[in-house]
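These notes open a run of structures that come right after.
Both complexes shown next keep chain A, but they swap its partner, so chain B is in the first and chain C is in the second.
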Partner chain A sequence: MRVPPNVSAADYAKALAEFEQVIGKDWVFTSDEDLDLYRDAFSPFLNEPEEKIASGALAPVSTEQVQQIVRIANKYRIPLYPISTGKNLGYGGSAPAYSGSVVLDLKRMNRIIEVNEQHAFALVEPGVSYFDLYRHIQEHKLKVWIDCPDPGWGSVMGNALDRGGGYTSANYRNHFDSHCGMEIVLPDGELLRTGMGAIPNAQTWQQYKSGCGPWIDGIFSQSNYGVVTKMGFWLMPEPEAFQRCTVSVPRYQDLMPLVQILNFVENSRITSGFPDIESPLLGYPPVGQVQLWNETGPPKMSAEHLQLMAGTKLGFSPEIEAYGARAGIPYWRLWLSFHGPEEVIQAQWHAAQRHFARIDGAKFAIVDQVKLPVDAQQATKYHEPELGVPSLRAFSIGARTPWTPTPSKGHMWFSPIIPRTGAAIIEANRVFSEAAKSLGMPLFTTFTLPACFWERSFIFILATPVTEDPKTNRRYREGFKKLIEVGGQHGWGEYRTAPVFQKSVMDVYSFNNHALQRFHATLKDAIDPNGILSAGRYDIWPKHLRGKT
Partner chain B sequence: MKRREFVFAGVTAAGTAACALSAVQTATLPTVPDRAHERPWFAVIFDERFAPAHAFAQAAAWRGHKVFGYDGDLTAVWQREIEPHWSRRAGALAGMSTAPGLFCLEQLAAQHWLRVVTRSEQRAGAGAPLISWVIA
Partner chain C sequence: MSACKLIGSLAAGALALGGVAGTTRASADTLAARYAPGRAVYEKWCAACHDPGIIHPGTHALMTKYPGGSRGSGSITAWTDLPATYVTFMVRHGMSVMPAFRKTEISADELAALAAYLSRNTPAK
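On to the complex of A and B.
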């Protein structure tokens, strides 16, 4: 039997016996067979001894059981690693940040406590997946939408606490920002509610976020200060219609005004759906069509086009620009989407066109006009998450196809936040492609475009492959850390990362001699003096392990 | 009753058929090692884009299994057939799919403390290899 680090076998046995008393023998897992289910399927340490693994797993079914578990863990100094459903592949999965921890698996806590149509919110437990919440809404014929990532298999709460994003309207795409109220089991077993939830019999827990006094919700995301057991989310009232349109522009330099105008129309709420940038001329797909490209292959290109593409530098050459003009292939295409009453959408689209028309040669098209609601089957004609419908279709990505003959064994997401400008896109391409080339990392083809989940910044996402060869994986891991460092030198930091890279990422957030990290440590010592919760998560270590791992 | 015992104990009519068929040597259905023999398959799913998977499904249907096809996107079969079943009780599932399809199901199965107990790769011409498998 595996034993957590710094815990004697005798103490672990006593702790397990007490855990069994609380949650029942069936929900305490110690066999290799069961614990293998908690391995990170995309571990960058695939087939290496350093892979982070669990020593045990506990699956409570209630908040009260979680409280009792953390009290027992304190008694025996058992390191716990809470997960909701552990589906954030590419960012660590369900494997603990501190290898040998006992996973506190909250997936049995899967009650949808309330979905309120009138006030458009949901209150859920950690084990509720996007599929669960979607099905509940459909079955009860409630006129609200969820906002889900892609794939939609994960936990609503887990994705928000990991600060993930989705694809509908700007108000809801940032999943942590769209939460309202939490219930948390603190490391000593105390139960805490945030925001208006701190009022007994609160009437507006899911309607007003901050309550009064310091607003502390943020410290429970990407952290290890408590076990969140309930969380409220604002939902989008079901819109009457959805429309997807494109703005195509002909020249390389048009990327600058295209992004600038996008920022204006989005921040003014002229458009609020998920914006998506592609380059037809450089063969770079919009995020919303990656799956389609994977399923059916990328658009066909002439031999001349492919040759010109290979000759571009930072995605540019006068020759390819001239070719695009001749062949009628836009350099850039921006996808805009709109949700709401049809007459409002038409007015918004009209206004958006007026702004983008400032770019000489801009062309406009309406691609989809969808009367809502649509069911899950009808939604398959589109990129489902943009219609608030969870999907597993993303698993066509990574499939072996004629155009992807050697898919990887997984990936590590490298995802720095960069400014929302065309210039920053080009600069990030320059900086990271040069770094990746020198590190021998196959991250770039011709040009990379960022994802537009957030309203005020881009995520420049690159998938670093995981292979079956430990030597290659070691090189990629070191390269990944170097890219983090290079990003930091340019003022860019990751928004989220897998445990193996959390120290490197947090080291970039070093203003004033790492004041932020020192503050995190101060909080950790005060809130969790025995260091039982998620040791090492985002490089926040308890005192007894600090500087020793 | 323990979770895994529950899986083993639930021998239904379909399960009996599964046991019977596992005793029959066939080229199209997976041979299931060890205790997975005892587990009833509540359904068989197949990637209907591939001819060998169709043959696999026909053989399974002929032996009395509930069979569900999908077109590469598992969403509908997951939502309608698999997840509702696994939410109620554990149960073995067999199928033939591509590697990413199986990977997706393997991850979803782990949500219910189920795992892939057998997998066998089959070449389907020049394209992606198909895998026949059992999750239990």
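On to the complex of A and C.
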């Protein structure tokens, strides 16, 4: 039987017996066969001894059971690693950050406690997936939308706690920002509610975020200070209509005003949906069409076009620009989407065009006009998450297709945040393409566009493949760390990362001799003195392990 | 014996008797009811990747891997050579970008029902 690090076999046996008393023998997993199910399916340590594994797994069904488990873990100093649905693939999956920890699998805590249509919120437990919440809303014919990331089987709560994003309007795309109120089991077993939830018999727990006094919710995301057992989310009232439009511009330099005007129209709420940038001339797709390209293949291009693309530097050459002008292929195309009453959408689209018309040669088109609601089947004609419908189509990334004859074993997401300007896109391509080339990394091999998940910044979300070959994986891991470092030298940082890279990423956030990391450590020592929760997550280590791993 | 285990063993019995070929309408309804628990597991956990058509990445991957022939649709619900043991193995081990599923997601009983459903058209050896 596996035993967690720094725990005697005798103590572990006693702890397991007590865990069984709390949650029942069936939900305490100790066999290799059961624990292998907790391996990170996308681990970059595939078939290497460094792979992070679980020594046990516990699956409570209630907050009270979680409280009892953490008390027992404190008694025997058992390292626990909570997961919600365990589907954080590409960012660590269900495996612990500190190898040998006991996974606290919260999947069975899957109650949708409330979906309130009038006030447009949901209150859920950790095991509730986007599919679960969507089905619940459909079954009960509630007129609210969820905002989901591409993989619909992820936890609504877990995604928000790892600060994931989605595809509807800016108010909801940032999943942590759109939460309202938490319930947390602290490492000593104490139960805490944040925001208005701190008032007994609270009337507005999911309607006012911060309560009074210090607003502490943020410290429970990307951290290890507590086990979040309930979380509220604001939902979008179901809109009457959805419209997708494009703004196409002809020249390389048009990228600068295109982004500048996008920022203005989005921050002014002239547009409401997910903006998406592509380059038809450089053959780079918008995020919303990646799945379509994987399914039907990239658009066909002439031999001349392909040859000109190969001759560009940082996505530019006078020849390809002239070719685009001749062939009527835009350099850049911005997709804008709108939700709301049709007459409001038309007014918004009219205003948006007025602003973008400042770019000489800008062309406008309405691509889709969708009367809502649509069901999940009808939504398959579009990029489903933009219509608030969860799906798994994004798993075409890395899967076998006619265009990807050798499937990957998963991927590690390289995802730095950069300023939301055209100049930053070009500068980041310059910096990262040079670094990636010298490191032999399969990233930025062509001019690469960022995504617009966050309304005030750009983010690149790039899949670094996991292969069957440990040597290649090792090279990619080391290259990945180096790219993080290079980004940091230019003032850019990752928004989220897998445990294997969490130290490298947090080392970039080093202002004033790592004041932020030192503060995290101070909090850890105060809140979790025995260091039982998620040791090492985002490089926050308990005192007894700090500097020793 | 739990309901799912019972259904699993009934399914195995049906296969041993020669599967669904030549069954009457009434017995087809009985079979549908028999496989309903496994189908429900499929709908909840597998359909988003494995329903028919290239918009489902698992199906697209299998269509690409097995072009033409009886597996050419890539749609595992229609395959006639999918033993229950293979279903069980794949669910607990994963393949390519498909992860393994934990027992808190698909329990042992649910997996037995799923395997019975997906292997219902596969003749017993």
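The rule is short, and it goes like this: the second predicted complex is superposed on the first by the 548 of 549 C-alpha atoms of A that agree within 3 Å, B and C clash if a C-alpha of one lies under 4 Å from a C-alpha of the other, contacts with A are read in each partner's own complex, and residues count from 1 in each chain.
We take it that a residue touches a chain if its C-beta (ideal position, glycine included) is under 8 Å from a C-beta of that chain, and two chains touch if they have at least 3 such contacts.
None of these values were measured; they are calculated from a predicted model.
Undergrad: Put the two structures on top of each other at chain A: do chain B and chain C fit, or clash?
TA: Superposition result for chain B and chain C: clash.
Undergrad: If we overlay the two complexes on their shared chain A, which of chain B and chain C does A:Phe264 touch? Say first, second, both or neither.
TA: neither
Undergrad: Who does A:Gln377 touch here: chain B (first), chain C (second), both, or neither?
TA: So A:Gln377 only meets chain B here.
Undergrad: For A:Trp215, using the defined touch cut-off, is the partner it touches chain B, chain C, both, or neither? Pick first, second, both or neither.
TA: Neither: A:Trp215 stays clear of chain B and chain C.
Undergrad: Which partner does A:Phe395 contact after superposing on A: first (chain B), second (chain C), both, neither?
TA: Once the two structures are laid over each other on A, A:Phe395 reaches both partners.
Undergrad: Quick one: is A:Asp36 in contact with chain B, with chain C, with both, or with neither? Answer first, second, both or neither.
TA: both
Undergrad: Check whether chain B or chain C contacts more residues of chain A in the superposed model.
TA: The partner that reaches more residues of chain A in the superposed model: C.
Undergrad: If we overlay the two complexes on their shared chain A, which of chain B and chain C does A:Trp153 touch? Say first, second, both or neither.
TA: In the superposed model, A:Trp153 contacts both chain B and chain C.
Undergrad: Which of the two partners, first being chain B and second being chain C, lies in contact with A:Phe519: first, second, both, or neither?
TA: Neither partner.
Undergrad: With the two structures laid over each other on chain A, which partner does A:Arg108 touch: chain B (first), chain C (second), both, or neither?
TA: After superposing on A, A:Arg108 lies in contact with chain C but is clear of chain B.
Undergrad: Shared contact residues on chain A for chain B and chain C?
TA: Comparing the two interfaces on chain A, one with chain B and one with chain C, the shared residues are 29, 33-34, 36-37, 41, 85, 87, 89, 107, 131, 153, 295, 380, 391-393, 395-402, 407.
Undergrad: Along chain A, where are the residues that touch chain C in the complex?
TA: Residues in contact with chain C: 27, 29, 33-34, 36-39, 41-42, 57, 59, 85-87, 89, 93-94, 105, 107-108, 127, 131, 152-153, 291, 294-296, 380, 391-393, 395-402, 405, 407-411.
Undergrad: Mind pulling up the chain B residues that touch chain A in the complex?
TA: Touch residues, chain B against chain A: 2-3, 72-76, 78-79, 83, 98-101, 103-104, 106-108, 110-111, 113, 115, 127-129.
Undergrad: In the complex, go through chain A and note every residue touching chain B.
TA: 25-26, 29, 33-34, 36-37, 41, 85, 87, 89, 107, 131, 135, 151, 153, 295, 376-377, 380, 384, 390-393, 395-402, 407
Undergrad: Tell me, which parts of chain C touch chain A in their complex?
TA: The contact residues of chain C facing chain A are 44, 48-49, 54-58, 60-61, 64-65, 92, 94, 96-105.
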